């Protein structure tokens, strides 16, 4: 939760809201950090198959602390397990899955998302930063739908949803939908468009904390 | 043997001469037809590993007639066996071996070989011919050395070693060395160059049956 | 619960539409998904573009599909195997278009299509008729031709074992084009001699991960082209 | 008789020369060939260009090679793993050059290098700083960048099991870059926890066929970066 909001969804509630929108049987790549929570909120009756770009399809939850195999890890380099039906493969195959459009969904964190769907999530461009990109640019270029899961504002109270990204881009016009602590917002041809407000949050509250106009009339249609 | 020659090497002797030039441990692709005979003449103490481009490394000899597995075949679609250390793989991997320069040697048949190493071995360009190329163009483009094993002349008594190919090319400047029933001939920067004559064959006899000049002085040097 | 099983070859190919591009696995008879091809013949789709290394033999399988005049174009490296008469006859009669592609370039174009690589440069075929009309470019003093990825609407392949998630193992040299073709189609259909529950296969040895596969059909004793031909069979 | 075994990591890396390009397998510690890297540190080659997804952690393995200032350039997708201090310090001090490459593009460039594909077009990184200065081209309304294959003089990787012909099986997510790197170097060196005779491995499950491998070193109990770091180890 950012310091600028006192109500809205918790991280787990955002994760639950994301999971609600994922169809049964989807192949999903969850970014490191807050997107990983989605795996804890799979709706009853649905199965998602998790892909980790370092070479495993059918990734399962973390093993008990101190357990697991140091060579059975996820893209965040943390130990994981595998589910029935899992498969190991090399990096060329893993990114063929990504770049070739075989994954249904990628859920990523964000530094900034622009009204046209541009995403910045790998670098603040600071002079002393060590540049590191990993698979983020491949994911946004290749996966069918890219969801962003994020706090609505930075810790400093700046909007993360902006007219134009000022940080270096991860990809152009790649984000489909944004899930924040305040709202669910689509990226449309006409810019940001409201899908749903978090409980206790009104439209003006979200708009004030967003760096670009939000179309309000989209909500009913998008929720169908 | 062509009708135009009455002496020289038999097919098996040509194969033996080819095998003589292959170092121990080489990865070799043998073209369909006369090059397949090379496998019967591996010198004592040497092991060659045979690649067949349809997806097997470590190909072994044909099984007994009526035996074998219809899905364990070579590029000529005939049943084969596998040797200890064999591996199966898909076509992309198989041609990564070829195109990526991992095979040491390809032994191919020829319709024509030009003095600059151009090879024509897939089509006579006849109007009613069904065009079919298979892996020939990939092999000549990718394998480190390409040997041609052929009768010196066509059944009609035309030279197969020519100044310029008149048939459609398989590849440009790809042939390293030619083994015929009459001679072993290198392709050099200055054109065809004699390496060795078959027993009972003299230089003039070979030159008369060749469509481009052969450098004779190369022989001693090349045989070292 | 994920279960990609279809109850028959017939139901698995039901939505293949007229004019579709269909990749068909196999190198010669090894890996040829005969039962899926026969189901496609029964189904009736026409005007197909087929991507396959060969053109079939005798009067069964791929040759039978061609003979039924359902295929308007074939993308192929070697359409004249011994025992292949259907394709040559159609080709000489001008009833089928042929795009001839070197075998390795065909494999790589299919892989590229499945891997989101739109195009690549290869040294294969430079200076030959198969490079005519193609862009070429010199890298490091060597000429290369630009080749484009291929995608299809449907892929038909044969596996040895599949699980309910669509993970596939193959049998020996029947593997050939199947792993690439599985990646390059909107809908990938596999016939497998054995179908097991997810979890029954060792994750280390899976050749085609299930993400590339949409439909699994159990065909316990698949026919072989050579055996059918020896028996003088023709389809339908 | 073919036998690619070398009697030690030391002998296997003996001819790595100053200024060589060396690919090193691993994603984090999974698949990192620690013993081969340590042998390379002992060997002393310098001015190396290293191609590796990460830059190591702690003071062992790849991080130790960097710390010994043997590496003048690294081609890498993610050089700032938690626990990585050596690379950041060298980078900020201007003592090492970084070529940052998206992970999938890195994998594909290595695969291309090994497969004789000189260059390819990919949609990854279009519109980002990592596409700056690169050729781009529109195919089907979508922009793509031209990326070039990478080759190396040497590759160092870790396998679970190797046979004397150099066929390799890997362990779980330690597989990662190794199969591609094995194909892309003039000399590929594998350390394997188990080494068996040719014929002991099922030809259907081999991940890296032996044609891609030049030297096999038996390292029965390979060290893990995390265990060494927890123990406060540094190398040499």
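As written, the chain order gives the labels A, B, C and D, with residue 1 at the start of each chain.
Basically, a residue touches a chain if its C-beta (ideal position, glycine included) is under 8 Å from a C-beta of that chain, and two chains touch if they have at least 3 such contacts.
All of these numbers come straight from a predicted model, not from anything done at the bench.
Under the touch definition stated at the top, chain B and chain C share these contacting partners: D.
Chain B and chain D have centres, each the mean of its CA atoms, that are 36 Å apart.
Put simply, the C-alpha centre of chain A and that of chain B have 56 angstrom between them.
Counting partner chains per residue, chain C has residues 108, 111, 115-117, 122-123, 170, 172, 203-204 touching two or more of them. Residue positions of chain A touching 2 or more other chains, listed in rising order: 56, 88-89, 92, 95, 98-99, 141-142.
Taken together, the touching pairs give a contact graph of some other shape, not a line, ring, star or complete one. All chain pairs that count as touching, in label order, are A-C, A-D, B-C, B-D, C-D. Interface residues of chain C, counted against chain A in their complex, comprise 1-2, 111, 113-117, 163-165, 167, 183-184, 197-199, 201, 203-204, 206, 209-212.
The part of chain A that touches chain C in the complex is made up of residues 24-25, 27, 47, 49, 51, 56-58, 82-89, 92-93, 95-103, 141-142. Residues 108, 112, 115-123, 139-140, 142, 144, 148, 169-170, 172, 203-205 of chain D are the ones that touch chain C when the two sit in their complex. The residues of chain A lying in touch with chain D in their complex are 52-56, 69-73, 77, 88-92, 94-95, 98-99, 118, 128, 130-138, 141-142, 168-172.
Against chain B, the residues of chain C that register as touching in their complex are 27-31, 53, 77-82, 87-88, 91-92, 98, 100-108, 110-111, 122-130, 170-180, 207, 224, 226-227.
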